[in-house]
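Take a look at the structures below.
In what follows, chain A forms one complex with chain B and a second complex with chain C.
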Partner chain A sequence: MAEPVLEVRDLVKHYPVRNGLLRRSVSAVKAVDGVSLTLDRGRTLGLVGESGSGKSTLARVLVGVETPTSGQVLVDGEDVSRLSRAGRKQLRRDVQMVFQDPYTSLNPRMSVNEIVGEPFAIHGIDPAGGRRAAVSELLELVGLDPDHANRYPHQFSGGQRQRVGIARALALRPKILVCDEPVSALDVSVQGQVINLLEDLQAELGLSYLFVAHDLGVVRHIAHDVAVMYLGRIVEQGAEAEVYDAAQHPYTQALLSAVPVPDPSVRLVTSSRPVEPTPVAGPVETRVPTSSTGSVGAIGSVGPTGSVGAIVLEGDPPSPVDPPSGCPFHTRCWLAPTLPEARTDAAPAQPPAGRPDLGLRLVPTMCETDVPALVPRSADTSPGAASDVSHVVACHFARELVDPRVEV
Partner chain B sequence: MSDAATPTPTVPRGSGASSSPVADAWRTLRRRPDTIAAAAVLVFFAVMAAFPRLFTDTSPRSCPIREARTAPQGWGGEHPLGTDALGCDVLATMVHGVRPSLLLAIVVVGVSLVIGVTLGLLAGYYLGWVDYLVSRTVEVFLVIPLLLAALLVLSLFKGVDLGAGTFDVILLPAVVLILFGWMPYARYVRAATLEAKNLDYVTAARSLGASDLRIMGRHVLPNAIGTVTALLPTSVAGVISAEAVLSFLGIGVRPPATSWGIQIEQGSQWVLGGSPHVLLAPLICLVATVLALVVLGDALRDALDPRLSS
Partner chain C sequence: MSRTRSAAEEKTVNKDESCAPPPLLEVTDLSVEFRTPAGQVRAVDGLSYRVEAGRTLAIVGESGSGKSVSSLAVLGLLPDTATVTAGTARLDGVDLLALSRKEHRARCGDQVAMVFQDALAALNPVHTVGYQLTEALRARRGMSRADARKRAVELLDLVKVPNAKARVKEYPHEFSGGMRQRVMIASALSLDPAVLIADEPTTALDVTVQAQVLRLLAEIQAERQMGLVLITHDLGVVAGVADDVTVMYAGRAVEQAPVVPAYTAPAHPYTRALLRSIPSASGTGRLSVIPGRPPSLAARPSGCPFHPRCDAARDVCRTEVPPAAVPAKGRMSACHFASDIMAGQEPAPDGADEHSTGRTTAAGNAAATAFDRGDDRGDSGGDHG
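On to the complex of A and B.
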């Protein structure tokens, strides 16, 4: 196994919520709440989750734009937070970022030459052959015409701008590229080009990618490993094939079930899932993945048996200011109310003050009280393939989830 | 490499090979006749400020009261634009008033701009206590009436001999007007900075390790200054007319130097008294200057913004 190039240990990023005249901090938005990740050299780690799950915050912490509240970020085994200012600047050369929106990520008043050459200017580097030659080389690397170096961003299309952004990120020869939804704002046809470019660059330069996205299809295409985030925590992590084909967390399953199937014979089915006799779930619910590109909605994916639809989650994600106790997902979990444990535990006679929603859903007490650890749980489900410890899930009842119908 | 290796430009450029932005800006500027006219007007007044003797031989200080309020006599006459209420030649007063007026306007707007932009940029970028300090200071200066402050400065400089050099005569009004003229720039720039600093290209620069100074200078300011440039031409007019009010209190341009502001102020008393020319002559000059500045400012903004140049 390759050595890790990036290690994140127990990373926490809280934003204080200030209130009152004295601007005292009264609470905190727990954007990232204890995340641990490992990224191996030359590999791609896909990070998926709903809007507001903390993916982008995590990416910003990793490139050094935000400072973590606690936890460690190790690049090549060196703790970033322990380094001096100069050392941190040096380290920033190793981790670079590709942004989501190619229309705001390039300064409209700078020419492409200035944009791509800026990393050299900031770090005072004079590449062999001069900056201009280095910029031309970079533009060629990302598939742009070096003669266009004097043009301004508004003269390029979205895909070309994204290539400029990639060229800028590559200027300092980084080891790690943090891609924050790099294709979400692009046309589907252009998405493919940019993804292929990223894959080519990985093969050519030996880059490691942290690929943040909410488009599960794109992540499946490019990622070797996948981590699923919910409310600032990782709920499931493992190799791409394991997470996609043998998802064990109910949230992951819900996400996967909502991926549109590119097959016109698949009809849109309002969810009627035979295994989901939820007592409170109404027919019209807020749909699961939030996405600007179209991978949205309760779209029924007809598996080989042709009888199941999408899993529809209720309501919005809870506020990260006040995340639910125990398992953060238990307020929306479709699985918990169906478990036999939920029936044996009596619901509290009166909901605790201030949390009227708490007693309304019948979920196992364990889910409300204990935070599930992110550990391998595949032992029971498939004993044959259980030896892999890289597939970890944060759900008390993960072992009971077997869903053969998820197709991407 | 993928099939997109041959990008096509979204905006085809007629001029083919692109050159430096300055040359591009100049080319754009040249194609607009209104720009050339505006530039000509400003050059005309600049020459007038530098060499007033080219335009009149009469001294603005010889004021025979017998000839008060003479009507304009046209070119070739003794008083081409007539005389004012004290018998001073209007043309001579106007020509000799160009230098203090324009100098005052440039100094006041320039210094206010530097102070306002710097403070606004720092406040918007760093927020926290810097912003608190700057914002409260802006508010304090906004609530103090200009005339009250002018009287204060007047009493401070009472009895101080400032001399009669080119800058000395405008020192007092310049100090007062700068003190109370920088706040709009600070507020505009602060707001624009707040907007610009959260855009992705600023984050990108920060993730590259750019210093705060570089981010402010290269990324935030060029994109935040747009709103302020629209404000400048009218500020020039405001400064020139505000100086007239100050001169009424005795802290305007110091006599014996004259200015358009003083002339407009005095001329306005005789508009209905049969001598509108005393007001009209300097007023037309002021309006022409401001219009020229507006047109030039517009052209400059279009030329420097790569998105607007076609």
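On to the complex of A and C.
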């Protein structure tokens, strides 16, 4: 069952920042900073994170558009970086990409027939029955009318264009499809159609997906496993139900809490109606959910107490050029300043140089100095969960905020 | 509808003034047409809504549903190819759409202001943020440079841009997405408008930043008792912040209701289908989708514009434009079967006697629906039996 088709080991992608007369590299944008992932055959791995977290860069490295600075990418057990030229060409057939914007990723001067047939031309393949027939078959596969093969992209709607993009990606019968935000440019009513199509294709062709998206609801629906990225690193990874219902990293919890839920009893803002009592706790303006308020992570199944929006992170993600020391999330973490360790630690943190606006935040010294490892950290209350090693989290103080009763 | 428009409109205005608190902004029967090579295209068709002080009205719809065009019309920012063909937009008792361009402009910003979606495109890249914030103050309020600068810093403080004093001197590219959107909000607030129209203010932002910006908007709104019109396509955002919701489809308002009943008992099949199509935690199976795609405004379907995609469409939907029904107090649904849909029932099948059972009592449930599907197909085959 768990047969990995794609493995990523310690992948690093740094972009040099050049400055001065000689264009010397003075520092680097650490877009992807040590990521390890495994994608099993026929499964979907969802990759979520804010913009700038490096998820798109990771996707581009995997399809071979970018070369990694260091680390390994293994497709079917074969190290991609050691491949010969011919081997790399074969790799490109195995790993294909569906792009975000169906308006810019299709050449407006090419007909659909040319767009979908181009992979055959590039790879010098003559499909059985001819290219034309192969294109018709692909169009049918993605739910488009093969008679429309002579039309141009502008004659299609957004959803149809995305189907053209998917047909093009499927032309060479890849094993892995890397989907970079495939539905975020589409209308709500069309999004569902494309998601259903992707799920059908997976069942039919046994594809594996790496599904990059910022929409946590969509990822929850399509993904079997989820990895959460922050500043080029994975901070939490596990089965979809584990990550969404029992999030252990404070960042994941904040992300899930910030997702607007289509349920009017759960208000994102508290101003106009007294839905939720708001005891503001702690020195930062975040209400720390206790285990009794329950399902911080359970989007869609949040109770009438309305804990969504309970955690609002301050500020923006830091720059990946100069990521914070220690845990990359400690500058925005809502949990760290509330920990008892933060108060007993003697040295008050100085505001980072040049950013006096950030103010003084007391966080445990550990968070500022040590990079937390991505390891399983089960809540000590539930011994049953200790055996689950697939749910990993990179936080010194990871704890489950979900009521243990919900788990059982 | 449109024949008796002017009379009906006056009636509603009078009634509203007598019982409810007068709305800050009242748009009545607004229609906007675009001149295109293919002829006149009606982008907004008979839209009415009202915004009250301290309340948030969300206008929801897919792209091309006319939600942005309607607000541009209110602000007089329509492109030259578009004209307002009917309707009024009363702000403080004055119809903005009847004013001359100059008078209209004088009221915008002052009384009604807009926050645009793409802050990077809406801000001028070659001027500092401070200059752009002071521009309106100096031109409209006649402030001195120093006073305007002081006010700009206050405004940035208001929208919680940290270190405002230093940041007024920076250019838009030096701000992050969330901060830029705050600058947009600050500039919209600079003349103390009574109504703020925010067009997809958080669509380009990450969820954590989106939560910050929405919270900020709500705080400012509550503090100033502003009316807020929030244009969005995200039903999650609507549920999180709005008090009332207007759902638009193909240029028309198809449902208008307070937010809670709109979500718990939608009275229009489109609203219902939209809500069902959101991926939820429980739904692990196939996503429920709306078949087809939004209609082109140039080739609007006959009858109810939603009928080709509607799962509850009946014969009458194909031929007759549904009137604005009032299935419950304070609600509107442009559906022939509004009360059935609201009650969670399927409308009676076409075969049944329309006058006795068709619209009011709903025999429709799961069995009847299944039956109806077959019936429907038979009907369209041999219509004039």
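The rule we apply is simple: the second predicted complex is superposed on the first by the 343 of 408 C-alpha atoms of A that agree within 3 Å, B and C clash if a C-alpha of one lies under 4 Å from a C-alpha of the other, contacts with A are read in each partner's own complex, and residues count from 1 in each chain.
Everything that follows uses one rule, which is that a contact is a pair of C-beta atoms (placed from the backbone, for glycine too) under 8 Å apart; a residue touches a chain by one contact, two chains touch by 3 or more.
Predicted, not measured: the structure shown is a model, and the values here were computed from it.
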{"item": "Partner chain(s) touched by A:123 [first = chain B, second = chain C, both, neither]", "value": "first"}
{"item": "Partner chain(s) touched by A:40 [first = chain B, second = chain C, both, neither]", "value": "neither"}
{"item": "Partner chain(s) touched by A:341 [first = chain B, second = chain C, both, neither]", "value": "neither"}
{"item": "Which of chain B and chain C A:168 touches, first, second, both or neither", "value": "first"}
{"item": "Chain B versus chain C as contact partner of A:76, first or second or both or neither", "value": "neither"}
{"item": "A:157 touches, of chain B and chain C: first, second, both or neither?", "value": "both"}
{"item": "Which superposed partner A:64 touches (first chain B, second chain C, both, neither)", "value": "first"}
{"item": "Touched partner set for A:104, first chain B, second chain C, both or neither", "value": "first"}
{"item": "First, second, both or neither for A:193, with chain B first and chain C second", "value": "both"}
{"item": "Chain B and chain C contact sites that coincide on chain A, given as residue numbers", "value": "157, 159-160, 190, 193, 196"}
{"item": "Chain A-facing residues of chain B, complex", "value": "1-7, 9-11, 13, 18-19, 21, 199-201, 203-211, 214, 218-219, 222-223, 305-307"}
{"item": "Chain A residues touching chain C - in the complex, by the definition given at the top", "value": "50-51, 157-160, 187-193, 195-196, 199, 214, 216-218, 220-222, 244-245, 254-255, 257-273, 298-301, 308-309, 312-316, 356-358"}
{"item": "Contact set on chain C toward chain A in their complex", "value": "54-56, 62-63, 162-163, 176-179, 206-212, 214-215, 217-219, 221-222, 233-241, 243, 259-260, 262-264, 273-275, 277-284, 286-291, 293-294, 309"}
{"item": "Residue numbers on chain A that touch chain B, as the complex places them", "value": "60, 63-65, 88-89, 92-93, 95-97, 99-101, 104-111, 118-119, 122-123, 143-145, 148, 150-152, 154-157, 159-160, 163, 165, 168, 172, 190, 193, 196-197, 200"}
